[in-house]
Amino acid sequence: MNHIKVLLFATLRDRAGTKSMEIEIPDSTTVQGLKDQIARDYPNLKQAMETVLISINREYAFDEAVVPQNAEVAMFPPVSGG
Amino acid sequence: MNHIKVLLFATLRDRAGTKSMEIEIPDSTTVQGLKDQIARDYPNLKQAMETVLISINREYAFDEAVVPQNAEVAMFPPVSGG
Amino acid sequence: MQPSNFPTIFSITESELDLNDLLAKITLPSTGAAAIFTGMVRGETSRRGSTQAKRGEARETAFLEYEAYVPMAEAKMKQVADEIRERWPVVEGIAIVQRIGKLYPQTPTVLIACTAAHRDTGVFDAARYGIDRLKEIVPIWKKEVGPNGEFWVEGEYTPKPGE
Amino acid sequence: MQPSNFPTIFSITESELDLNDLLAKITLPSTGAAAIFTGMVRGETSRRGSTQAKRGEARETAFLEYEAYVPMAEAKMKQVADEIRERWPVVEGIAIVQRIGKLYPQTPTVLIACTAAHRDTGVFDAARYGIDRLKEIVPIWKKEVGPNGEFWVEGEYTPKPGE
């Protein structure tokens, strides 16, 4: 198993009611697999998983990417700075 | 006769050695006529009269314009601010 | 001066943006021109260009609350600066600063500034590119608070692989 | 807010340019974006783009000495602002400020700033237009002083009737 930290921002944090979660995922889980697991385990975040942006170790990550060991994962909506 | 003040800036002032001159010109003198008179009366300014910019009462003025009574005339090279 | 000596400032801050100070920090002896963009909190947003306001009414904003994923935001700001240097190698200094926290109308929230020897080198385009990219890839979000409650401002861009 | 209430600042000054202050003065409740151009005294000018420097050498500048025909310069700055408003009616605030006197390298000498509700309204083009026009029609001149003596910087533009 892979122990990861998931940071949540903006609407994702509001929906989850927390800024971060520690999650166990199977080795070689992809980003898509991680989203599926969160959608299953956290009903409040299920809908958001369809459009969420994901970063792994501070770089944008996409569905097919494998989540590395001890990754810092973040989940957030499209950015709106400026 | 028309009594006018002529302000000189930048290279024109350096060549004339003065910031302003009071000049008498015939009534209905044009800008071209004024330049001709200055070229004749002030040898140091003769060459500059070929390319000088002229303003009358703080608006750019051109050769055929008549210099009004008691005008504030200014003479200067192309501008180089910024 | 070599490009490696060109100053690049990127930061997320809770402090007031000081344009004079930021400009001085990216002004080199060879610098003759700077293009600076700043964004501010709008206190009133007219119906035109707004999706939230009701017909014929201006939307009022009490304040915006900004947050950022700070370490990633700073990394992405550096990336924006790198992209600017790749596209406009004549750019000398670059500053990219986002203020976060609770920000009130008429307050500058973000600054992008690019300097170069001359103004006809693309500095205006470079600054414009910088703010466009910041709004696409730098992880910052804002929540608008007004008389009708609060809502998150929605971004529109989905980064592509390699961004 | 009606255009007649839009702030327009134009001035010739011997004081330091305060970007924070000038920006605040042209920021309205409806303002969301500002494009600001500043010019600075270059202490070193590379051969490229210079007509004065010898081959392969950078020209050094100790300082520039600026002068203006103040009342006409302010009138022409107002004209530049009017031209900007005619071309970009969405522009809200405009500031056009030229500093004169003895100005040293890395010092901002001129500022053109335009504000608008949004950044995609032409504010960048408006600021660019403003500095281009200032360098064409506003009666200001500068003399460069360096290790090889002093010379007047030559302008290139001849105003046409109606300018």
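As written, the chains take the letters A, B, C and D, and residue 1 is the first residue of each chain.
To be clear about the criterion, a residue touches a chain if its C-beta (ideal position, glycine included) is under 8 Å from a C-beta of that chain, and two chains touch if they have at least 3 such contacts.
In this text the structure is predicted, and so the values were computed from the model without any measurement.
Colleague: Moving only from a chain to one it touches, give the least number of moves from subunit A to subunit C.
Modeller: Step count on the best path from subunit A to subunit C: 1.
Colleague: Using mean CA coordinates as chain centres, what's the gap between subunit B and subunit C in Å?
Modeller: 49
Colleague: If you average the CA atoms of subunit A and of subunit B, how many Å lie between those two points?
Modeller: Centres of subunit A and subunit B (C-alpha means) sit 75 Å apart.
Colleague: When the C-alpha atoms of subunit B and subunit D are each averaged to a single point, how far apart are the two points in Å?
Modeller: So the centroids are 26 Å from each other.
Colleague: Quick one: report the Å distance separating subunit C from subunit D, using the average Cα coordinate of each chain.
Modeller: Averaging C-alpha atoms per chain gives centres 23 Å apart.
Colleague: What positions in subunit D touch 2 or more of the other chains?
Modeller: Within subunit D, residues 39, 131 contact more than one other chain.
Colleague: Which residue numbers or ranges of subunit B touch two or more of the other chains?
Modeller: none
Colleague: Which two-chain combinations touch?
Modeller: Result for touching pairs of chains: A-C, B-D, C-D.
Colleague: For subunit D, which residues count as touching subunit B in their complex?
Modeller: Result: residues 39, 66-69, 71-73, 75, 98, 109-110, 131, 134-143, 152-159, 161, 163 of subunit D touch subunit B.
Colleague: Which stretch or stretches of subunit A touch subunit C in the complex?
Modeller: Result: residues 7, 9-11, 14, 53, 55, 58-60, 62, 74, 76-82 of subunit A touch subunit C.
Colleague: Which bits of subunit C are touching subunit D when the two form their complex?
Modeller: 18-20, 23-24, 27-46, 49, 58, 105-106, 108, 115, 117-119, 124, 127-128, 131
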